[in-house]
Amino acid sequence: MPNIILPILFISSFLLSSSDASDFCVADLQAPQGPAAYSCKKSELVTVNDFVFSGLREEGNTSNLIKAAVTSAFSAQFPGVNGLGISVARLDLAVSGVVPMHTHPGGSEIIVVVRGTITAGFLSSANKVYYKALRSGDVMVFPQGLLHFQINAGKTTASAYLSFGSPSPGVQVLDFALFANDLPSNIVQATTFLDGVQVKKLKGVLGGTG
Amino acid sequence: MPNIILPILFISSFLLSSSDASDFCVADLQAPQGPAAYSCKKSELVTVNDFVFSGLREEGNTSNLIKAAVTSAFSAQFPGVNGLGISVARLDLAVSGVVPMHTHPGGSEIIVVVRGTITAGFLSSANKVYYKALRSGDVMVFPQGLLHFQINAGKTTASAYLSFGSPSPGVQVLDFALFANDLPSNIVQATTFLDGVQVKKLKGVLGGTG
Amino acid sequence: MPNIILPILFISSFLLSSSDASDFCVADLQAPQGPAAYSCKKSELVTVNDFVFSGLREEGNTSNLIKAAVTSAFSAQFPGVNGLGISVARLDLAVSGVVPMHTHPGGSEIIVVVRGTITAGFLSSANKVYYKALRSGDVMVFPQGLLHFQINAGKTTASAYLSFGSPSPGVQVLDFALFANDLPSNIVQATTFLDGVQVKKLKGVLGGTG
Amino acid sequence: MPNIILPILFISSFLLSSSDASDFCVADLQAPQGPAAYSCKKSELVTVNDFVFSGLREEGNTSNLIKAAVTSAFSAQFPGVNGLGISVARLDLAVSGVVPMHTHPGGSEIIVVVRGTITAGFLSSANKVYYKALRSGDVMVFPQGLLHFQINAGKTTASAYLSFGSPSPGVQVLDFALFANDLPSNIVQATTFLDGVQVKKLKGVLGGTG
Amino acid sequence: MPNIILPILFISSFLLSSSDASDFCVADLQAPQGPAAYSCKKSELVTVNDFVFSGLREEGNTSNLIKAAVTSAFSAQFPGVNGLGISVARLDLAVSGVVPMHTHPGGSEIIVVVRGTITAGFLSSANKVYYKALRSGDVMVFPQGLLHFQINAGKTTASAYLSFGSPSPGVQVLDFALFANDLPSNIVQATTFLDGVQVKKLKGVLGGTG
Amino acid sequence: MPNIILPILFISSFLLSSSDASDFCVADLQAPQGPAAYSCKKSELVTVNDFVFSGLREEGNTSNLIKAAVTSAFSAQFPGVNGLGISVARLDLAVSGVVPMHTHPGGSEIIVVVRGTITAGFLSSANKVYYKALRSGDVMVFPQGLLHFQINAGKTTASAYLSFGSPSPGVQVLDFALFANDLPSNIVQATTFLDGVQVKKLKGVLGGTG
């Protein structure tokens, strides 16, 4: 049975030239970081737990004013996805809950509704609106970098899983970007056409200054 | 109120230079195809339904011998993801159901278990095994191109959503690749170290010849 | 002088295996389009004029209400950049002119101010503001997908050239996305926290319905 | 002759803004590593020997049971290719030698046969077989991530050079992945449809446990 | 007004999972460097000044023998562009000034002429010449890696801004590569077909040896 | 034996969602072409011969004045590599044969010397020279876009295989670019610092005009 006996020498030449380091790069969150990814944890320290994340098990706390919770498994929370081009998150929306207008500068998103009914949509560069009421099991894609939103339009709690085409897609929430920092009100007004009263009101609510 | 009135001329110069064509590329499955993507459907024909897929609503039919069903929303089924770097699928596993060893040559995968318990794992280039029993809400990542599997290890039906870092990740199921075609048995034997009897048996079962 | 005479046969074997087709891909705007680029014009039809664009010579018409003009040389206007990963545009701002908040989903941008003074800035995912008054010759970079703006803060006309890291970076102008289409007012309100009166006012001004 | 005299000042402004660091990144195997590449050795320490590799000069030792030797010049052995998207290896096959079924998760491969006759092939996602007997000078490409193999089908030693579209393509040898580790036999059986006796036999031969 | 009050808990779950680190990566020029980019400066140390560069304000010193000055804002000079895929430079050409034949191995270039008249051109793989006299406001693209040049063909000083599709495009000036180092003259002769006298003359002028 | 019987229904759901189209894209040289690749031949027409190329079997004809022959297996000659990121070529050098200075704008190259002795080298952006005499079995890498050359420095015929990190790397031969077209002699002179006599001589030899 020559062809089933251990090819020891084959291992030594070919296999040793490869390593897990070409397969994955579990993030070492303390090491130098590049634009696309964290540095890799040494592969001898990697265990299965680096590839498993349990932080999405529980429903997020929606006892807030938007009645929404988004829990992320990006590379900062789930180091196993570093360098692999994907990540996920969990969305929970109480009745009337809303994920306000936002973008992900670094990747496209797919929502999979798993409970309840969610009205979701995005706005295109050509200024068109694409939105629809999604029921459990429905899937919708939001192309990279475009404003989009999710609203619980049903009468029960809704939940969904979100997939991203980046381990670190970023998120820019429109209202926080405009109103929750020290960008001067007159600049906000001039660049959004919003009334001064509206700008000051939302700056007040969201903790912005200037 | 000069700064809130319609900036018509601004639209004509800047906005018209952009278009939805830079945002997305809904697949035209009949047009010429490149290595990474299908050609784009004309954007004036695109509707919200191109970005929504309902084919994952229902549990897949697991009345088969592996007691498993995987329903894909890749670009061939869900043209809206074409060119966007992501796709999803639904996995249903009856009790004892198994997704046999396979790889996705074109992208990494994340599984999100939504019902039941699934034992999932992958094998690395350095020949290590990373596997774990996942319960509902758990997430696991399978790096691109590596052999991996999922087994319903619980006593109830299990379901999961799968995310991929490619709109068309491909799938190579090990047993079908080895035994369900006309690759001569002696080549299978020589390149897998399997016994001839075993090879012929599985070729018989899976419809292979040679 | 053997080594300076025409190596005819060398040309026939090596050079003929290459062609301009590996150098560039001037856009054929009528042919099938992929997610990243247009198809290529046949290289025998390409001339130097495909690589030169004169549409940025003249100051744009800023006789509009935002007192701004942006003239693009993206692949749709300047087919020579198709597939090459870059494009440019020209910005003219009359006194008090404003380029309102917008994003480019597909690429980063560098502004080079060539006349006057422009206050420019962007908002980050972590909700910080980075803005500064730029004088002629100053350069500022706006990372991909983030909200940014430009304002003529001086007392004379200002002009700038914009460079993009994509031949087709897209542009989503915040106000047009929110107010210049048929996205229902109650969705705009719910996802932006803006007052209903403000939403209706801007929808009216910008031609939106719903 | 003004135009042939040393343009000193030109050098100082333009050339100094560039450096070898934009040309190459010889791997520093001890520094932090990212998902795609090693960190770069300081360019002042780089010599021509970083770009030359002599480890493929000699025929590999095929005195093993598969009668095959593969010697790699990946970035871990040949640091000069780090970041450059390519690498090579040398294959030697004694009479009846076999490179067993394997995949490269990270890149496509081209084989160039330089001595003898090699039967090579790959298996596609659609479960087709593409294989052929190659003679000296023949070239065959194996697309990324697909199972492939090489067999010396001739009566003399065979040799080949392998090119990869990655400096670190990885290699997953099917039998080692399945049988040379501690993946429990019942999981192997369930996910491969192999008989228990066959699994235990190969686990025994290849040093696997469980 | 429930929908305009601060959604504190939403911030804590979703926003904290993102950070500026997914938006940009200002170069830390002292930290380990990868093939595509420098490591990132810690985001808490980043200020607006990292994204602004004033080094292009002044006309470069063209009092040299080629009567040309190129001032670069690549990632080594302008760390804010690191990882963002773009950079810029400023070109000044006195009357008769010339940017000699050169390539950028790492990215395509667009020139925007802002003063005077510049004759610019490039040479393709198929050995064609694409060149044209450009006046102020004209734009021309030079595809990646091809030999190109710029000449002030007018009677006044000319200036231009250069955009690159890489934060670190590299620059190889033909004459410096051939004549300003220790590449032996006989190798230069053999590989360029130039006369020995010509080679030695230019080696002398440009400081080359051998 | 429930787990070894044909899982027909599994095939129908999961496998049919994939196809060879996600594995490879054999070039259809007549269909529309994009910047990175040709369109794909329909996968039902693909055979093993699309992945095999025999055009490198024979020694190239070096009966020319540079005593060199390069035979390419780029995507235009070897359609199977289209979209796969790699290609190869064969180099034959008679005694004193030379591959003159050239660049590949689109990819890095590795040379594997298989017969004789070849002196090979490249020039970096920082104007350094990296060259060495390579004997049979030696490997050298030439980073993307940099000038490089190969010379038979031995007393016997030399041969090598060249690997490229692109299916269509392009090739710009310095002398042909400068002297074998209609670029006016005065532009060549001004941009290369070569003497007019030298330029006219080489234009004459290489068939250039102007």
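As written, the chains take the letters A, B, C, D, E and F, and residue 1 is the first residue of each chain.
Heads up, the rule we're going with is that contacts are C-beta pairs under 8 Å (C-beta built on N, C-alpha and C of every residue); 3 or more make two chains touch, one makes a residue touch a chain.
By chain, UniProt protein names: A, B, C, D, E, F = Germin-like protein.
The shown structure was predicted, so the numbers you read here are calculated from the model rather than taken from an experiment.
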Chains contacting each of chain C (Germin-like protein) and chain F (Germin-like protein), listed by label: B, E
Common touching chains of chain F (Germin-like protein) and chain E (Germin-like protein): C, D
Copies chain C (Germin-like protein) and chain B (Germin-like protein) - interface residue numbers shared by over half, same or different: different
Euclidean distance of C-alpha centroids - chain A (Germin-like protein) vs chain F (Germin-like protein), Å: 41
CA centroid of chain D (Germin-like protein) to CA centroid of chain F (Germin-like protein), Å: 20
Whole-Å gap separating chain A (Germin-like protein) and chain D (Germin-like protein), where each centre is the average of the chain's CA atoms: 34
Touching two or more other chains - residues of chain F (Germin-like protein): 3-4, 15, 18-19, 22-24, 32, 34, 36, 84, 98, 100, 105-106, 121, 124-125, 127-128, 131, 143-146, 170-171, 173, 176, 190, 193-195, 201-202, 205
All touching chain pairs, where touch follows the definition stated at the start: A-B, A-C, A-D, A-E, B-C, B-D, B-F, C-E, C-F, D-E, D-F, E-F
Chain A (Germin-like protein)-touching residues of chain B (Germin-like protein), taken from the complex the two chains share: 3-4, 15, 18-20, 22-24, 43, 47-49, 51-54, 56-58, 73, 78, 80-81, 84-88, 90, 107-110, 112, 114, 121-122, 124-128, 130-132, 134-146, 161, 163-165, 189-190, 193-195
Complex contacts: residues of chain B (Germin-like protein) adjacent to chain D (Germin-like protein): 98-101, 103-106, 119, 121, 123-125, 127-129, 131, 143-147, 149, 151, 170-178, 180-183, 187, 190-195, 198, 201-202, 205
Residues of chain B (Germin-like protein) defined as touching chain C (Germin-like protein) within the complex: 2-11, 13-15, 17-19, 21-25, 28, 31-32, 34, 36-40, 82-84
In the complex with chain F (Germin-like protein), residue positions of chain B (Germin-like protein) that touch it: 32-36, 60-61, 63-66, 68-72, 74, 76-77, 89, 98-100, 105-106, 166, 168-171, 173, 176, 201-202, 205-207
